[in-house]
Amino acid sequence: MVSIKLSENKINQIKDICKSFNNEKGELINVLHKTQSTLGYLPAEVQEVVARELNTSTAHVYGVVTFYSFFTMIPKGEFPISICMGTACYVRGAEKVLDEFKRELKITVGETTADGKFSLSCLRCVGACGLAPVVMVGDKVYGRVAPDGIKEILNDYK
Amino acid sequence: MSKVKSLEDLKKLREEMESKLVERNNSSNLVQIKVAMATCGIASGAKDLMEFLIDELDKRNIEAVVTQTGCMGYCYAEPTIEVTLPNKAPIVFGYVNLKKGDEIIEKYIKNNELVDGIIPVNYESIEK
Amino acid sequence: MEMIKLTIDNKVVEAEKGTTVLKAARKIGIEIPTLCYFELKGMNIENKPGGCRICVVEIAGRKNLAPACATEVMEGMVVHTHNIRVLNARRTVLELMLSDHPTDCLVCAKAGNCELQSMAQQLGVREIPYQGEQSTYRKDTSPSIIRDVDKCIMCRRCEMMCNDIQTVGALSAVNRGFTSVVAPAFEMNLEKSPCTYCGQCVSVCPTGALTEVDHTRYIINALADPTKTVVVQTAPAVRVALGEEFGMEPGQIVTGKMAAALRQLGFKYVFDTDFAADLTIMEEGTELLGRLSKHLAGDTTVKLPILTSCCPGWVNFFEHNFSDMLDIPSTAKSPQQMFGAIAKSYFADKIGVDRKNMVVVSIMPCLAKKYECQRDEFKKDGNPDVDFSLSTRELAHLIKQSNIDFNTLEDEDFDHPLGESTGASVIFGATGGVIEAACRTAYEVFTGKKLDKVDFTELRGLENIRQATIDFDGLPINIGIAHGLGNARKLLEDVRAGKSKFHAIEIMACPGGCIGGGGQPYHHGDIEILKKRSEAIYQEDAGKPIRKSHENPDIIKLYEEFLGKPCGAVSHHLLHTHYFDKSEEVIIND
Amino acid sequence: MAKIKKHLLVCGGTSCNALQNEVIASNLKETIREKGLNEEVQVMMTGCFGLCEKGPIVKVLHDNTIYIGVKPEDLKEIVEEHIINGNKVTRLLLDSDPNLKVHSKKQLRIALRNCGFIDPENINEYFACDGYLALGKVLESKDPQKTIDIIKKSGLRGRGGGGFPTGLKWEITSKSQADQKYVVCNADEGDPGAFMDRSILEGDPHSVIEAMAIAGYAIGATKGLVYIRAEYPLAIERLKTAINQSREFGFLGTDIMGSGFDFDIELRYGAGAFVCGEETALIHSMEGNRGEPTFKPPFPSVSGYLGKPTNVNNVETFANIPVIINKGAEWFAAIGTEKSKGTKVFALAGKINNVGLIEVPMGITLREIIYEIGGGIKDGKKFKAVQTGGPSGGCLTEVHLDTPIDYDNLIAAGSMMGSGGMIVMDEDDCMVSIAKYYLDFTVEESCGKCTPCRIGNKRLYEILEKITLGKGTLEDLDKLKNLSHVIKDTSLCGLGQTSPNPVLSTLENFWDEYIEHVTVKKCRSNQCKALMQYIIDPEQCVGCTACARNCPVNAITGERKLAHLINQDICIKCGACMEKCKFNAISIK
């Protein structure tokens, strides 16, 4: 027997989201978007509930979650940091910026700092190539970021 | 808002809107400003700039319409704004931070004196 | 049908519109190699993702190569299946596949039966020029199936079987790109997934990524242990397939050779699961008639239809998916478990052996049986009624290991008393067989009349879902039959919705029934093999002197000496079971 | 009231002769002062005019006069004749150059016509720009085939990358019989470094909505779906606003403009999978599945979303439609080259001065784009290559600078149009590393369904990595070639069929660089860390210890006031020492 360990409140939230899409299997990706934006991430238990509500297999839900880079099963940091790895940013030194973040936060891409404050990820182009290299912290965009400027960025959140 | 029921309705609507714009352009003292508010613009501070311009023009008793618009294409020079003084051709300014915004109001809008950061429009639009 | 004319390797061929290049080529004797492509013709089972790219061919006018398995023929098409461009591409694709595949072929369970290995042989690959990182995953061992997905080549056959055909939903492609693989949700163990252990994924896997848990070593040890009395039972579908492992034509009946081989292997008593199948009919048939009579008498608490319960994959399926209907299936244990229960009580007493010193081994066409015999409710003080379940393939290995030349063995008989069986029990091995056997007995018991004709041919066949109405002397009995769990789901959903008109439904998890079980010799997608096994089953039935379960003399004796009457107190205790809710449960955890 | 009445603008673009511009500006100011006009005439340096070959440029703002090729000795004449007397100096006029007259401005905005011009959240401004007029005309014509014929005649080809003729696609879908059809807008712009579609949706969402409705009418669909990247929140917001406004005015919904035609649009979100730009993958994603492509045929125009005929076009393609209807197929077909009509929007980025969104007529040359519109290479570096078509495209070099850009020429040059990313690279970019970067992207984004793309691209990446680490051999170059060709030849979808292009085009155009990497283990751009060494010149080093103090791994030793030494075994080649050295004693070997 598979048991799902989630608070009733969360289960109801997920159920409501599924219901708002008529519990339709074809709306899986929309449901996952909404659920992730509500709960922050998509842990296994959440996927189990979604699968049940949409009358599909958990394996299918997991298959979809792991296919799309936007979905995450790990909670992101309070301030998620995303480094744009679009070509424009790449040729203007995004890799060095990323290396500096890794060194400064002592985590690698896909990880969250022990205090839960920062997480690090790479993005495809955010379309702000004029500002390359670009870093996003939460919804805020930092343009023309240089490796020696990242301490300053992090200080905004400390 | 009533639905547009035919092509004739639509043509009337267009004329109405066009004449409003013409009216605006012919106004003797109305300053028109467009702020490029696409993602790069906003990321570079266009939102703050727009608020600043609205507040400051109001404070300084300059009759102006400040509207948002999409990408003008000058990503390297964001934020960018286009300023149209009464009876004059529009001018695009790039790298407009708040300080530059203030300068544009004081020098160009008030005094017709150009400031640095002008971007010549380098494209043709289709004739309407 | 509109015909299309095309040229393949300079030969003109006419093919039906909608046919693929692959099939059109086959018509003129051109075998384009395939890997991911899989078909069980006539059963609506086809895997055509066009993913492996082994079957690429050159089509004039097209800028890139096309997969023959997925490309439809077009008028005037000019196809080359083995020019230098195609051969280089095909070989390179295979080399790439091998560069991400372990090379432990010598000790791989699939060696000799591996389609990837055969392909490497066929294309003459002697080295792997492209070396690099290999994707590695955790090995997962469940009671029945081992997943070693380092060997997965992403042909997606298992995924297709598990989802499209069986609707089990235990497997899905997960991750993306180089790390993509077929796995259960969260890449957790199969044991924690809704897997039914039907083994259909194993039966279609081209490589050693999915194999059965091998118990042969335990058997060898038990046979060598002088303190143990080792008893073996063999399921009906094994005898019509085992011969294939020794080079015989599909459909060859090897009952006698098998009994001889088992005896030579050292089994003290060589019995037949068919005996227990007859017993199952006695119990299940009685239960059916009981429910039917009550229903006819107007008892609304009685639920119909009754569902057969001899297939453990099917039992797992409804415990996971239809846990709201656990009171519908027959409570009769499967033949394997009935055999174990009787062997370790009635028979053990008879020969004066303590059950702890008796080892019951079953030879099954099935992988779910491995799981079934480990279920707690089939144990007494921790000692299982059936100790080990071997697949047909494992038995073949065991025979080969023991230097037995199977082909030259003289036929032998089963031992008594648990070796006596009827034609009714043999047909358990094919879809529709259980319900036909039940009808033969139920009809005579219910009507008190002798059947003129014991063959209910209307219940036979390979159509996905079949239905027939049997005339019980004026009382029409509606029978439903499904094989393949996806078909079963359809029937069950009707039952749940109250739309089912059936009195009894037979369900087998595997397409074709046990003859197509997950433990059978690999058929590699050849439907003819399944058809021949099925024919052999009915041939064996027809040749039996007794063809109705209730006429089995040893069964009659068993009731007289031990059980009393079908569905009586002793039967209830030994031969009936109950089912568990295995659907997900929500534990609220604040 | 302002005293200043007239303005003279001098081009200050860095690619024109910057020094000359300075001279012109200061001389002009001097001349104005001499004439006592400095109170009412202002001289300004501005950004690039995009006429770099014709510089220096002086523009008289009040009557919109542009002078080209202005020399210091011309200034007096301009001021005296034009500013004071009001007579233009005809010999210097831009119009006097007949070649420039047609394309006095290199850019022509069709798809971007309203971007940066109207308020995208105000439908009234769209009305003023002929908004929904094309839809009105199409509906009034009561002839879907006529609309298809116009699009066919215009020569419009898909702007998403493939370049399939749009009108033909519409026609096939219109001829597929079904009870329901769909119009899908592909807004899953995924090329790294491309943001054309985002800009259109953010700047002019109504034109896409209008075009989708037109397509719906033409092919017989009543439902439209926009598949848009979830990473584009602003575009999503503006599109939603526009859809609602459009519904309010009755351009979406039932009985549109009294024609009896029903059409509405829903949004579907992408979730970060580049392969979903491929139309079959996109459709599977919209159906709630993994975005894995399937073999074509059947094409979506026959069996697409939910098995129904589906017409998929990208954002930019749609943005062209209303203009074509309004101005006619002939007008559109007159722009561009023989086989590629109209304009193309490019996201110009990388090592270029004027990073931005540009729209140019097909047939323009790379040189015009880079040096005239883009204002040349940043920091005066040397141009090396331009990458078009993103991970599916290739690198073009100096020899391609004068090739007219259209679908077919780009393919012939080993690249492709793609969706419109255009990344400029300079002498500091290592082309092996660039190829590796794109393969890294492909490996990351491959769906994993077919063998050549799943494993082949990984092996390509590994070989490239081996080369950048200095461990490559000549044999590896052969492997790269064979593997690239097989991957292109055998992959299931467009992603794999084009993913080796960055490798093949760099092999073709920068063979020397590859050879250098594998034979003499040298990276001429100093990008491959494993192939370079930081060296302290003992002659230059004064022993200030700045380098040693800043070395993160303590690889530098040396006594104070004595020459220092870098231990190459420890050095991680971060370059911190070189940055800190005030005596230029550290160099890369």
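In this document, chain identifiers A, B, C and D correspond to the written order of the chains, with residue numbering beginning at 1 in each.
The working rule: a contact is a pair of C-beta atoms (placed from the backbone, for glycine too) under 8 Å apart; a residue touches a chain by one contact, two chains touch by 3 or more.
The structure presented is a predicted model; accordingly, all values stated were derived computationally and were not measured.
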{"item": "Both-way neighbours, i.e. chains that touch subunit D and touch subunit A", "value": "B, C"}
{"item": "Nearest-to-centre chain - CA centroid comparison", "value": "A"}
{"item": "Chain at maximum distance from subunit C, centres defined as averaged CA atoms", "value": "B"}
{"item": "Selected pair, greater C-beta contact count between A-C and A-B", "value": "A-C"}
{"item": "Computed distance of Cα centres, subunit B from subunit A, in Å", "value": "36"}
{"item": "Cα-centroid distance, subunit B relative to subunit C, in whole angstrom", "value": "73"}
{"item": "Geometric centre distance via CA averages, subunit C-subunit A, whole Å", "value": "43"}
{"item": "Separation of mean Cα positions, subunit D and subunit B [Å, integer]", "value": "25"}
{"item": "Sites on subunit C at which at least two other chains make contact", "value": "173, 175-176"}
{"item": "Shared-contact residues (touching 2 or more other chains) in subunit D", "value": "195, 198-199, 232, 273, 290, 349, 355-356, 447"}
{"item": "Subunit A: positions in contact with at least two other chains", "value": "60, 63, 67, 69, 126-130"}
{"item": "Interchain contacts (touch definition) - all pairs", "value": "A-B, A-C, A-D, B-D, C-D"}
{"item": "Residues of subunit D defined as touching subunit C within the complex", "value": "273, 290, 292, 294-295, 297, 443-452, 454-456, 458-459, 462, 479, 482-483, 486, 488-492, 497"}
{"item": "List of subunit D residues in touch with subunit B within their complex", "value": "2-5, 7, 9, 11, 42, 44-50, 59, 61, 64, 104-110, 112-122, 124-125, 127-133, 136-137, 139-140, 195, 198-200, 202-204, 232, 234-235, 248-251, 257-258, 323, 327, 349, 353-359, 373"}
{"item": "Residues on subunit B engaged by subunit D in the complex (per definition of touch)", "value": "1, 3-7, 9-11, 13-14, 17-18, 20-21, 34, 36-40, 42, 67-77, 82, 89, 91, 94, 110-126, 128"}
{"item": "Interfacial residue positions of subunit B with respect to subunit A in the complex", "value": "39-40, 42-44, 74-78"}
{"item": "In the complex, subunit C residues that touch subunit D", "value": "49-54, 56, 64-65, 67, 70-72, 85, 88-89, 92-93, 96-97, 99-100, 129-130, 132-133, 153-154, 173, 175-180"}
